[in-house]
Amino acid sequence: MDLTLKIWRQKNRADKGGFKEYKIGGISADMSFLEMLDVLNEDLSEKGEDPVHFDHDCREGICGMCSLHINGKPHGPQQTTTCQLHMRSFKDGDTISIEPWRASAFPILKDLVVDRSAFDRIIQAGGYVSVNTGGVPDANEIPIPKVMADEAFDAATCIGCGACVAACKNASAMLFTSAKISQLAMLPQGQVERKDRAEKMVAQMDAEGFGACTNTGACSAECPKGISLTNIARMNREYFSAVVSSNNV
Amino acid sequence: MILDSKIPAGPLAEKWTKHKFNMKLVNPANKRKYDIIVVGTGLAGASAAASLAELGYNVKAFCFQDSPRRAHSIAAQGGINAAKNYQNDGDSIYRLFYDTVKGGDYRAREANVYRLAEVSVNIIDQCVAQGVPFAREYGGLLANRSFGGAQVSRTFYARGQTGQQLLLGAYSALSRQVANGKVKLYPRTEMMDVVKIDGKARGIITRNLVTGAIESHSAHAVLLCTGGYGNVFFLSTNAMGSNVTAAWRAHKKGAYFANPCFTQIHPTCIPVSGDHQSKLTLMSESLRNDGRVWVPATVELSEKLRKGEIKANDIKEDDRDYFLERKYPSFGNLVPRDVASRNAKYVCDEGRGVNETGEAVFLDFRDAIQRDGEDTIRSKYGNLFDMYQQITGDNPYQGPMMIYPAVHYTMGGLWVDYNLMTTVPGLYALGEANFSDHGANRLGASALMQGLADGYFVIPYTVGDYLAQNTIERISEDHPEFQRAEAEIKERVEKLIRIKGEKSVDHFHKRLGKIMWNYCGMARNSDGLSKAKTMIKELKEEFWTNVRVLGSAEELNLSLEKANRVADFIELGELMIDDALAREESCGGHFREEYQTEEGEALRDDENFAYVAAWKYLGEGKEEELNKEPLEFENVKLTQRSYK
Amino acid sequence: MSWVTKTLNSTLGRKLVMALTGLFLILFLTGHVSGNLLLFKGDGGRAFNEYAKFMTTNPAILILSYLTYISILGHVVYSILLTSYNKKARPINYAVNRPETNSSWSSRNMGILGTIILVFLVVHLQGFWAKMHWGDIPYVTYDGQEYKDLYSVVVFAFRQEWLVALYVIAMGFLAFHLSHGFASAFQTLGLNHRKYSPAIEMIGKIYAIGVPIIFASMPVYLYFTSLK
């Protein structure tokens, strides 16, 4: 198929950037979206033009490195990661617009590559159980009801891609933050630091400049892993009960 | 140089305990005076960085991705083995050790493997304490499954995303140490070289992938946790960025490279669909529990299939050749990975492949669906079926899947002693980057185990032993050795840009991949390997005269990053071929066509080849020197594998 | 900053203010709509006027009414704070965006809906509430007691077609605002449970449609009875 691509090009963080249009032909329906961009980049290389920079790594939908706002939706028209999106979702003659994630907490580094280290800093604020290597109890000394383990797992499947932030009209990171707070709040291992974790992670999330939540549900609808909105409710609960009862004045 | 594996004396089961006692310790107050560099943040890297920081060392952690959480360990699906014997089904540390040595076709060190099995139980405890949501039974205790043909259920899992959950556990421990100020993170940073001072590894040179800045980092020890080199084949199940550069640069600085030709080809991957293909996707091997592997009985039928004249479901039962069930009646579709892969290749070589490229076989769930119902199959494999449909556009509930083997894991890697130290003092290799535990073939659910064993439970002891015996003095990054190394790297980067040739980096990578796959893939022979060696030499020359790298060195530049990696892959490819040529036997993932039994099975030569081949780099354009570390088996009896 | 101000300045704290004030206003609306049902009584407005007097003089109601004013103010001020904060989180918008595929229109436009409702509220308060408190208003006498005849003010006002139309349209906006706001407030408070959330959603939808319809039917009813 033949396609027209409107791609955001930006030389570096300071550059203003703008859209550039490219024509591309000979795309097969079996290609993944990123393979289509590989073809474009080979073409550009041939012509001596700088290839389009985009983040990607595992290309099997689990590392969370790929991004892209495709035709007005994070990760494109299907609820999956961009690397798992295939060209059969498009038809011959289509125009496809490709933009980077837009959020002040995710500054653009080049073209479609954004800096998501804000997510790392949110986890560093408390997204862990403080146990050192060794000196832990036998694994089966901590029984966990299967339903809780399963629900904690569902929250833990977050791949940290940032589609939730990209989809949210407020560029809010609540779904991401709440997934980790939820996972650890539901498990016995997470109880000791439960209050501290909720307070610190929310504070970090705010400090990074992510927006607030309007409960539109766009984040969950676009999440490639289908992380549920109930996590945000749980985070709110955790946070409110933490601030009223913790010792942090 | 005589390779000293430093395996402690004494009975197998006591070696590690005794060794831990005999090792020197670093005074707690002194730990903060030592700096340790960890390259790579996968299971091995993240767990090592976190554990060392917890002990009090200053750690610098590097990864080329935008976050430590992206490392490719995250993609492991199946599970992690541990000799917990929670199922009361006869498992033990000794059995896990035995299975691993046997599964590796007797080309691994007994002592290392025993230690791996020994600490496997601690890994599960550690991960659970971190909040890793493993699968559980209704009683709240951990669930296990049997994996990869093992006769006991010792695999712990988190649905089909075990690697993800374990990595996020290690990443959380790492993040905690970043918050504590004990780990400094360097994401989007690639290691370019190891710096040796007075014969010891004392730092690395890196390139900041965003700004292009070449920087020096000094330390008392350097840990390479940089994964495997499967991407030498261009197409593999590795992530796009997985590369050999860190290990290769270390090799050129004096670290021996062991058993480079040992690669694992995984049988159940989604076949290549065309030239545009950038990577291959693995589907869990558990599919072979219910799926039946077949191709049409005749070449004519396959041709019709390929032309689209008939569909798989049109082919009558009598015209189907369930070749694994036919050849291996007792194991059937569950034969080990290498056997399943090789047989798929054979039928496709005969012209009986089933997709357009002729390189695919069917994996059919028709009978399983008829027997158990679609719902049961959906509950077992739903996510895999969905993934298949997402990628291929075909519905596997209605017709058979198509699969083909793909490069998945590399058992070879930097040679390390029992302490995980390479032949360069102070330079360590952990996880898939080293060679030590899997011999010639890795068992399912053992990669995660090894990465975490090395990082959480081995390196914290062995690095301490080294540091305690070495100087506490820091070396400034202005040291002439750093300056010289920086200048060399800058020159190399500039050189790549200066070539301004005609062909893209991917062009060379694809050609390299084809050579490796055709001549050093599932089956190898002397003629092919010799031919491939010439081809790679030519490719290398062409690369350095005709590659086109656009943009500048002082910016985010993907084609420069790739060029730098592919240049190293080409050199590694040549060494793999040398290694495959030198090993005149078949074992595990290494199948030399000249050495097979009458039934076409791998024929080991324990008399002459029960050794680790450790290659020493002698300089640009020179043949590498083969060093042999003999493998002694005092506890297991060497037998020929049979799955008939 | 004390922990209280810190909390109220956090994104979650601000949302908490929105949810609590919103829920209080929902409670107010429930009282308001039930009281105003007296307009349908057909007793010439006696019950309504008595109710109006009670609502403006009873000390308990007085406290509630101050809470209502505070809620309105808080809801408005915090929505402005949040909106400007959220704008900063995405200074450059997407050139192509298709939010309609992942979220409802009203959930994305609570600010616009709220602004329209606020404008309506000014008109509404000025027409009745201000008159009742400080305006020039006729009196009636029931059983020897004087009452402000708010009923006639209402009846007179809704003889004007434009005002009736305005009220009906405004109630439409209120319906959209409530259709997201009701359940959203519970979500913000963290009251989400697989057993109860479906019921909250359902009640929210019924409330969002029912209450505005009843409100809208009042001017319509009065307008048509005035035609007779």
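Chains here go by letter, A, B and C, matching the order in which they are written, and residues are numbered from 1 within each.
Simple rule for what comes next: a residue touches a chain if its C-beta (ideal position, glycine included) is under 8 Å from a C-beta of that chain, and two chains touch if they have at least 3 such contacts.
Given the structure is predicted, the values throughout are model-derived calculations rather than measurements.
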Chain separated most widely from subunit A, comparing mean CA positions: C
Chain occupying the most central position, where position means C-alpha average: A
Chains linked by the largest number of contacting C-beta pairs: A-B
Subunit A and subunit C: spacing of chain centres that average the CA atoms, whole Å: 37
Distance from the mean Cα position of subunit B to that of subunit A, given in whole angstrom: 27
Centre-to-centre distance between subunit C and subunit B (centres being mean Cα positions), rounded to whole Å: 63
Of all residues in subunit B, the ones touching two or more other chains: none
Junction residues of subunit A, two or more chains touched: none
Footprint of subunit C on subunit A - complex, ascending: 19, 69, 71-73, 97, 99, 102-105, 167, 169-172, 174, 202-203, 205-206, 209-218, 221-222, 229-230, 232-240, 243, 248-249
Of all residues in subunit C, those that touch subunit A in their complex: 2-3, 7, 10-16, 82, 85-86, 88-99, 101-104, 107-108, 110, 180, 183-184, 187-192, 194, 197
Touching residues on subunit B, where the partner in the complex is subunit A: 47, 50-51, 54, 65-72, 74-75, 84, 86, 122, 124-142, 158-159, 161, 163-165, 168, 171-173, 175-176, 178-179, 185, 187, 210, 237, 239-241, 273-274, 276-279, 281-282, 387, 390-393, 456-457, 460, 504, 506, 548, 550-551, 555-556, 558-559
Touching residues (chain side subunit A, partner subunit B) in the complex: 11-12, 28-32, 34-35, 38-39, 42, 45-46, 48-51, 53, 55-65, 80, 84, 86, 88, 109-110, 113, 115-117, 119-120, 123-134, 136-140, 142-146, 149-150, 152-153, 156-157, 159-160, 183-184, 187, 189-190
